[in-house]
Structures are given as C-alpha cells and as structure tokens.
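Heads up, the next two complexes both have chain A, just with different partners, chain B and then chain C.
And then the complex of A and B:
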C-alpha cells in the first residue's frame, strides 16, 4: 500500500488508468484479507444499499406489487403525499409532538436516575441497574398488550388503584391527551433502562479529580453538575439524542399495539401512515413517505447537532 | 501430537479456510437434479394411483375453521399434508414479500371480501373459475359475487355472515325485559333498562368505536341500502342518498344512550364481561360463535344460555335486517405449486356436505346450499339454548342483499371495524364535535381521494 501511495506522490500527474491499475494491483495483493472482510460488505450491499436504491426507485414509480413492472412517475408520489394526503398532516404533527415531548423528558429522566445510581454510597447498584434494564429485554409486543390492559378505562388496574384513593377513572387510551401520555409512559418504561446504562457508563468515566478540584474551588453540587457532568456527557448526549430521534420518528409497533393510532388518530404516527399505504397497495407512496421521513430525520439531526454544539464552548463549558 | 504438526503459514491457513467454507456452502446448496425416488407432485399425473398427495400450507389465525377442514381433508386423503401457519397481523407484509419474490406465499389464505377484490384486480390470485362455476348454482349468490372480479372467480366462497342479535334471556328477565322482535328505538330503551337494572349491556360500543362497536353503524347502513362504492369499486357512493347520514345518526343514538359495553373488542375485559354476564346481548355475525364457544365453556359463564333473533328494525330498512361483517373467502395465489390440490381442497371444504359440516361445526356458515337447506339445524353447538338460532340464521340469510359491494374502497372506508379514515370522522360525530352531514361528506371526499390513488396504483 505504501508503495502505491509513494508512486502516486512521485507521479502526481499519473494517468487515471494507471492509478486504477495500481489500486487493483494493491487489492489483488491483499485479496485474502479482502475476502475475509467481504462478508460484511456483501451483506451491507445486499440488505442495506440495494434495498435503499430499490426503494428510491419505487418511490419514483407506480407499482402494483408482485411480479408487475414499475412505471416511472417522477416526483408525483412525493407531491401527492405532501399536498393532498388526508392523514399525513395529522401523522406528522403527532410524530413531532411525541418527539418533542418524549425525547427531552426521557433523556432527563434517564440522566437523573443515572446520577442517582452513580452516587458513591449507593448500595445494590447492580440490582438497580438490572431492574431498570429489565423492561428493555422484555418483548415490546407483550409490554404493549400488558399496558393496554393496565390502562383500560373501565377494567384496568391503574384506574382501579386511582379509584382506591378517590380519583375518578382516567380515559387513558380513549382521549387524546391521556392516550399520548400513555404512549409516553410506555416508551419511557421500555427505553429508560438502556439510556440509564449508557449515562451511567459515561458518568463513571468522568475523572473524580475534576469534582474534587471543583469542590476545593468552592463549587456546590449544582455547579458541579452543570459545569462538569453535563459538558463531559456531551458526546454521549449527542449520540443519544440522535438515536432517540431516529427511533421516535420510526415509532410503530408499541403505538400500533397500545392505541392503534387512536383515539381519533391522535397517536397515529408517520410510520403507521407508511405501513397503511403499503398495506393498501400504494407501494410507491409508501416508499416516498419513507424517504420523506429519512429527510426529516436528517434535517432534525442537523439542527440538533448545530444546537447542541452551539450550547457548549470548545472547552466544554456551558455558554451563559 | 501438536509437536509433530508442520507449521502452517497465515496465508495458507486463510486459503484453506476459504476453500473449506466454499465447500461447505456448496454442500448446503440444493442438488441440481432431483433424485429419481422423489415423490411426484400432485399437479403432475400420478403414475398408478389417483389418490391425492402433496402439501398444503395455510396461513391463518389460531382457532380456525379451515384448520378443522384441513384435518378432515387429511383424514380423507392420507397422502396429503395440511399445515397451518399461525399468522395474523403481519400476514399482509409477508404475503407482499412472497409475491414480490415470486415464491413463498401460502397455498391457501382466508381473505376478506375487499382483499379478494384487491388481490384479484392485481392478478396474483389463483383463478378458480372452473371449480366455482361447477357449483355456482349450489352456492349462495351474495357470497359468490364477492369472489368475482372482472368475470372470473378468484376464490372459493367461504363464510356467509348474516348478522343477528344475540341475547341472554336470563339477563333480560332480571330487568323485566322480554326477548322480542325489536324496533331500534325499543331496543335502545330495553338496553337502557337492562343496563340500569341488571348492570348488563345489550350491545358493544367501545369508546374507540372499533371492532364490534362499528356494527352500530354498519348494520343500519346495510339495512338502509347504503354502499361504499359501486360494484366496480370505482365510484364512491358513500354519501349518495341518506343511508350513511341516517346510519351515523342511529349509531349516535346508541352512543348517547350510554348503555353499550365500553371495552376493546376481543380484549381480556371483553371476554371477562361476557363470562360475568355484563354483556347480555350483542349484534353478531355467526362466526363469532366459534370464538365464543372457545371462551364460554360452562353454564355459569353463559354456555347454552344465548338466543339469536333478527336485528332490530330501522325505519325503512325492514327488508334487510341483517348485515355482513367479516366472512372470508378461501383463496390461493398464482405462485402455488399445487394448484390442482388447492382446487380439490376448496371443493372439499365448501362444496361437499362433509367439508361444509366441518366448517359449520366450528362456527361459520358455509355457502353450500345443499348443506344449508338440509343440515343447518344439525350443527353441533354449545352456545345457544336451542336450535332455533338456526331458524333465525335462515331468516337472516333470506334478508341478505345482493347489491352490497365490498370492494377495496370498502376496506379503505374503515366501516368494517376501524381504520384511520373511520377514526378521523366516526367518533367526532358520535361526540357531537362534528356535524353528521358534514362529517359524512368529508369522509366520502377523503375516501374518493384515497380510492382514486388506490385504483391508480393497480393500473
């Protein structure tokens, strides 16, 4: 490899074909190594790149499914969805609302619990960690079904318990706001374990000397948290914000099972709309919506990156 | 031993490993030529015997009448293997994947009427016109029409579902109400009384309006001559005439009465309410009997205590006091490798006395007239107090419409039990948040736009 690079640097104006030949020679020389790293790339090409390109073509086509050929329709699927779909607007608003609420509250909750679990004098940390992580290893489908039983307006345990303390039954799954709260509860319950573990890992990696130095300088607990802990968690926080955003925009199974998008489509998400389009034989529009969702994720992620970066200085301090 | 082994270079080791892996993969691959001892597929001419052989794969939910038919078919033809794969929610996705791949779809599937129309139009269903034509005069016309697409049959008419009203006379008696031929308004009055005095509901009306609750709209819509679309599925008729507006109004009356059972359909509280007598009545299709009998197993939970009567009468809808809800058709796909065996199975299941009996014993109503006219009363059942329920069923059969079209647009509308368009309009109208006439109009407009796109996708 070094030889080839050397040649290139010696002959900066070498012809295009000569450079290709050199590259191919180099690859041939390391053919066995390439052979052994090839499974990942083959799988990625077959199950990652190819479906994505196929999906892109589908989003620009009309297709009746099965073995029928696709008919090119250009951007019609995208335009139709964005201008005249009777349900996409509501689905978009619901998804954004759930994202806007669940993302900060979920991360804040996980961070608070992680900080508590990170306390030096805490006993049974392993037990707590296991308990918080348990929901993650439980089947989402089962959890959603159990939640729907717990939250049933007339027969659910939650209302039964509320009734014991004199609180009237809450229509958890049949009114808009309570249903959105129910979805939030379910997702927090399922997702917090992983978030707590990741935060805990990051917290334990922070050098204790930083806190000791801050203490000597007279910093109180809150100052230590905001001036040391939060900035030091920035890479982890960025990672979690981005992955959680992707997960929430692709929210489907839990909502489908808990509320089926109801009541009155108040928990109907973009992913559910996409699935309905596909189930309704509108594959091209379904694919187009998939790419629209991908674009939304890219835009939101970009904004999040810019915002999170701008909130901290290069030194890792919060901007006042 | 290791000491005597010759050292091997890294490169040689990797080459040998790659060679080994290639060999292993080659060994796993399917043989190019079939060994001569392979059994012959049933669609090929059997050499010596006419006995059927082959394998049938069926996709369906647990506790299924077609499973029972499969067992009976295997008993009759020991050379046939029938396997049911329990698939429910993800069925459509899996079928689509198989259709795109060109293989992997089941040999038999139990499709709703609108699905038969959709897949039939797409040309992916096995054309079974020859089988259905052979028995056309012996099958209930309203049901055969559902399998007909552009003059060809794409499924064996399966379950006819004339809806009736199921009641628990013992519960009604507690409230001083007698089982009778109800007018709708009288029925609601009775429902309020039973709710008040016996803490039991005579209909299901969950706050989400889905599943069985939709019957409170569907039944008057059917009785009053409503249709989501025309027979071709191209013109939306939902807001034509006053059937939809009146049906929503009737449903709202039931909603406002507050006497319905407010539970999710088929949820544990639903079954608990039935077993505890909190559901003293329900609008119901016959196939519900199969599910009821699985749950209601003792007299204490209502076994043998139910009675079936004709649905309440809606003014102007007396001629069709029933409705069709669910009631699937037995279909196969063009990609099946055993089309002849599939046809034989369809014929056995819904065009022979034996097959019809097996499916009817489960709980559905087969459309085979020779069986319907002679054996309906012999059906084994444990739910109803006597066999007069079959008389009610026969009466409901005579009240069925032949001009009720369950096209793909019917599926889109969501009136069969829920869907985003239904959710968008139905409950807001129930709650009074949306004017009924305006709501029906908007619902129909959305439906037109959606149906247009669906039809375009089929071109």
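And then the complex of A and C:
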C-alpha cells in the first residue's frame, strides 16, 4: 500500500488506519486526475462489465426479449449450441479452414512484399507503400459489392482474365471451394496493405549494422534472413496473428454481402450465426454463443502464443 | 557486399553497377508495379462501372472504359437531381428512398461526433497516464490494457439488448457515440504519443505559473499533440464511417440510414440482378471523403499504424 502512495509515503510504523487516511488524502488531492481518466471506466462498467454479467445470466436462460418472461434453462443453451446446432459446427469448421490458409499465405505474402520494399536502393518506396495501403479506407460492404461484380461468372474481370489463358469460366460464388477462395481473395486484398505496412515498419527498425556484421562473418542472404530478420519480427508477427484470428472469428459484413454464407453454408461464419440468433429473438442462445466465441478466441490466442514461444526458444538454442 | 569481394564482378553496366543487380531491380520494380495495379484496380473498376448504364455493365466481357463515353446518370439519380425521364428509365420505384446526400450527412454526423468525443476524452486520459503521478495509476492502466484482450463477441448480444432495449436507443445515434467515447486503444495510443513528445519541464513550469490541469491539457498538450490527435481521429473516423454490424441492428428508419447501411440494403434487395451502376456510384461517393482524408494525412496515418503495432 505504501508503494502506491509514492514518494510522499507515510512513516513505515504508522498505524493501519493512519496509512489509510493518508492514502485517501493523497487520492483526494488527485481527484482531478481521477476525473480525467473516469470516462473510460464509467463507460466500461456500464457498456462492458454490466452487459457481460447480465449476459452470463441471460446465457443460462431462454428469453425472447421485451416483456416476455425469462426462463432459467441452466446449461441447455450451451449444450444445444455445441451438440445439436449443425450451422454452428459448420461455421466453426469454415472459420478454422479460413484461418488455416489465410494466416500463413497472408503473412508470408506480406512479409515477402515488405522485404522487397525494404530493398536498399529502391526508389518510390513511399508511393508503393501508400498504394498498397489504400484498401484500408474501404468498408466491408463496398469491397463485397466490388468483388461480387469482379467474380461474376459471366460478366466479371476474373473470369475474363482466366479465359485469356484458356481456363473455362469458374462459378466463383456458386460452388463451395471457389466461394471459399473468393472470400480469401477479398480478405487478402483488404488486409495485406496493413500487414505490409507493419512488417515494413518492423524491418526498418532493425539495425543495418546487424546485417553488415553478419556479412563480415560470412553469412549469406538466406542465413541473414532466417537468423536476423525473422527473429526480429516475432513481436509484430504475434500481434498480427492474434488480430487476424479475432478478425476472422468476428467476420461478418464482407461474407454476408458477397456469398450470404452460401453455397450450402460453406462460407457461413460464427458471427453470422450470432446475428441470425438475434434476428430470431433467441437472445439466450446468442449470449451463450458470445461466451463460446470468446472462449474460442482465448484458446486459439493461448495456443498461438505457446507455439510462437516454443518456436522462439528452439531457434534460440539452435543459434547459440 | 561487392566492396568486400576481392575479384571485381565481371559484368558491369555503364555506371559501374553489376548487371545482375540492375536486372534484379528491374524485376523488383515490375513486380511492385503489377502489385500496385492489383491493389488499385478494384477502385478503378468501381469508378468506371459507376459511369456506365447497367446494360453496358452486363456485357459478356467487362469494359475498361464506358463504350459510349462516361455518363453521370447514376450520380444524378442518387443526388436527386435526375430528370423525370431518367428516373422513369431507371425503373426505381420511389426515388426519394435513394437520397444519398442525406445518408452521407448522417454518416458524417455519426463519425464526426464520435471522433470529437474520442479524441477529447482519450487525450485527457492519455495525458493523465503519461504525465501525472497518483495512487493506483499503474494498476488502473493495467486494467485498461487488459480490456484490450477481452473479445468483443462476449457481450455483443447483451450490449445490443442494453442499448436497443433498456436504454431505448433504437433509431438514435447514441450507441455510436456514448459507449466508445473513451477507448483502451485510444488512451494507450495517446499516452505513448504524449510520453514521447512532451517534456515534463513544460508541464511543471505551467503548473508553477498556476495553470489548472484542464488548462494544461487544452492550452499546452492539445496544441502540441495535434499530430497524434489527427492519427487517432482518422483511425476512429474510418472505423465509425465504415461500421455496418451495429448500424444494421440499431437503425431501421430509412431516413436515419448511413451510407454503408444504404448500400448493403440496396445490394441485398437487388441480389438477383444487382443495379451495379447505382451501387458503384454510391460506393465511389462513399469512398471519396475517406480517400481525401487518406491522401492529406497519409504520412501521419502510415506512421501511426506502423508505430501502434510495433510499440503495442
């Protein structure tokens, strides 16, 4: 407690109540500081904590909203969602599949482009960087509109270009695998710029002298890349993996407007299930789904942290 | 590398650079240029599509330029200045349901107020955490950072029921303003900016001169931190301007719709035969304000996104 008071702390052998009084006096003196930081805490209590606690109770009930009565159902909402909800299982598999191929391909692509942009004698780096980052300003709604025309079987650009190299028209939004590829393409187009930007910032923060020292020690380009560049990028890699995971689990607008979850629910996402439950006034199940999605995000984040950390130490041992 | 190698490389160009390096750079520029075209092309196709009547959009192959020259009919329809003949030809039932100026105004109102609130309250808190010393400061800041790890999906349904039901904020803009008026990310970002740019001596001398804490924030911190506030302001603006999920749940009156909600409803209503000319014209008009912001502040924005991720 005395540490919290800081430099002007009371005597160490002062009585318990005297210390409390001194602390309260100190806090009263800083009331303006507390006032300045209070908006966040007020808003977080009212719109964060309170709904979450109420949502916990709601997730154990059946409630259709309004004046209707709330009926206690115990864990039935959770059990129902996890065992007998075919759509949610499909949505989970879709998300995991997206995660499985978007994360590695997206991050590898962004890293390669960032390394290219970091080439020592490159001119127009700022221009390229800006152009790649441009999709940042577009919304999921607008990107979905543009891509749905792009990928149109008969009138779209993608099939026109494929036709030029002799590939017959692909029914992009009508069949399962092409629709999943369409969603992947859209997300890559939307998100790569930000990832390139973050990687480039991290690359530029690496001291050039490290590479020069490695060169003098006789390291080739590949060795420099895997022994210097990749290890230095781990903190941002971790940040990007976790943000991308959360983004994919909360994916909604783009897919809703591009494929509406179809064909045969092959691009249906977990957040779509949540919105459908809300639309059907099934608020108890919706609240339960929120906690399930939160738990999935926390578990995946934890696994990713562990994986990246073990990869970290293995490589560290190899180096030493 | 070449300076250290004992044998000079065999193939040199006129300027004395190894030929292999010149070729490597030529390939690099070619690749980066193709990539730039891929990133820009959707914007271009959106613009060209908005200038064509929909018969031209549904040709067997897409057009790089309107075959009969650019036409502004779609824009005139959305801006409510089309001639009666154009309205008839468009086949739209009730043209006043496509009042785009109104939707742009609604969106700017939502985003503008959200930006003002967030920038003000986050700067206030960011300054306090960067420069002030008070009991439990580190614990309170720790709580703020910890909330960043809370997945938003957890309380999405009860949050919606709270704002739309209990508080009665359905068909109002309060849900976009009040719950996010101070954010963990914003406080963190402003604290980083303020801690690294404003010297303690400046704050101390203002305190000695008798300035109140509020005066220090509004007269000293905010003018110096204008750049950082712009970064936070743009990130907030883009997020709120492009918001769709909450808007879709909260706003049901047509007059209160945002640009994104209008475009999404329109797209879904015409799912069988999308009216791409109007959809693209709306998309272009919706994107232009953000593109202007982007290009005016692109250097700051790029630095903000880069440093936000690296320091975070």
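Please note the rule applied: the second predicted complex is superposed on the first by the 284 of 320 C-alpha atoms of A that agree within 3 Å, B and C clash if a C-alpha of one lies under 4 Å from a C-alpha of the other, contacts with A are read in each partner's own complex, and residues count from 1 in each chain.
The criterion applied here is as follows: contacts are C-beta pairs under 8 Å (C-beta built on N, C-alpha and C of every residue); 3 or more make two chains touch, one makes a residue touch a chain.
Remember, predicted model here, so these are calculated numbers, not experimental data.
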Chain A as common anchor, with chain B and chain C clashing or fitting: clash
Touching A:65 in the superposition: chain B (first), chain C (second), both, neither? both
With the two structures laid over each other on chain A, which partner does A:172 touch: chain B (first), chain C (second), both, or neither? neither
First, second, both or neither for A:261, with chain B first and chain C second: first
State whether A:132 touches chain B only (first), chain C only (second), both chains, or neither. second
Touched chain A residues, chain B compared with chain C: C
Partner chain in contact with A:283 - chain B first, chain C second, else both or neither: both
Touch check for A:148: first (chain B), second (chain C), both, or neither? both
Looking at A:297, would you say it contacts chain B, chain C, both, or neither? Reply first, second, both or neither. second
Tell me the contact category for A:30 with respect to chain B and chain C: first, second, both or neither. second
Just chain B (first), just chain C (second), both, or neither: which does A:246 touch? second
The shared contact residues of chain A with chain B and chain C are 32, 36, 65-66, 148-149, 154-155, 260, 278, 283
Touching chain C in the complex, chain A uses residues 4-6, 23, 26-27, 30, 32-34, 36-37, 39-41, 43-44, 46-48, 50-52, 54-55, 58, 65-66, 113, 116-117, 119, 121-122, 126, 128-150, 154-157, 160, 189, 192-194, 197-198, 200-202, 205, 215-216, 235-236, 239-240, 246, 249-250, 252-253, 256-257, 260, 270-271, 274-275, 277-278, 283, 286-287, 289-291, 293-294, 297-298, 301
Considering only the defined contacts, which chain B positions touch chain A in the complex? 11, 14-15, 18, 92-93, 96, 99-100, 102, 118, 122-124, 206-208, 210, 262-264, 267-269, 272, 408, 411-412, 418-421, 423-424, 427-428, 446, 449-450, 453-454, 456-459
Going by the contact rule at the top, pick out the chain C residues touching chain A in the complex. 1, 4, 25, 28, 31-32, 35-36, 38-43, 45-46, 49, 57-62, 121, 124-125, 127-129, 132-136, 139-140, 144, 147, 149-163, 165, 178-184, 187, 212-214, 217, 238, 241-242, 244-245, 248-249, 260, 263-264, 267-268, 271, 274, 276, 279-280, 283, 286-287, 290-291, 293-294, 298-299, 302, 305-307, 309-310, 312
Footprint of chain B on chain A - complex, ascending: 32, 35-36, 62-68, 71, 80, 84, 86-87, 90, 148-149, 152-155, 171, 173-174, 260-265, 268, 272-273, 276, 278-285
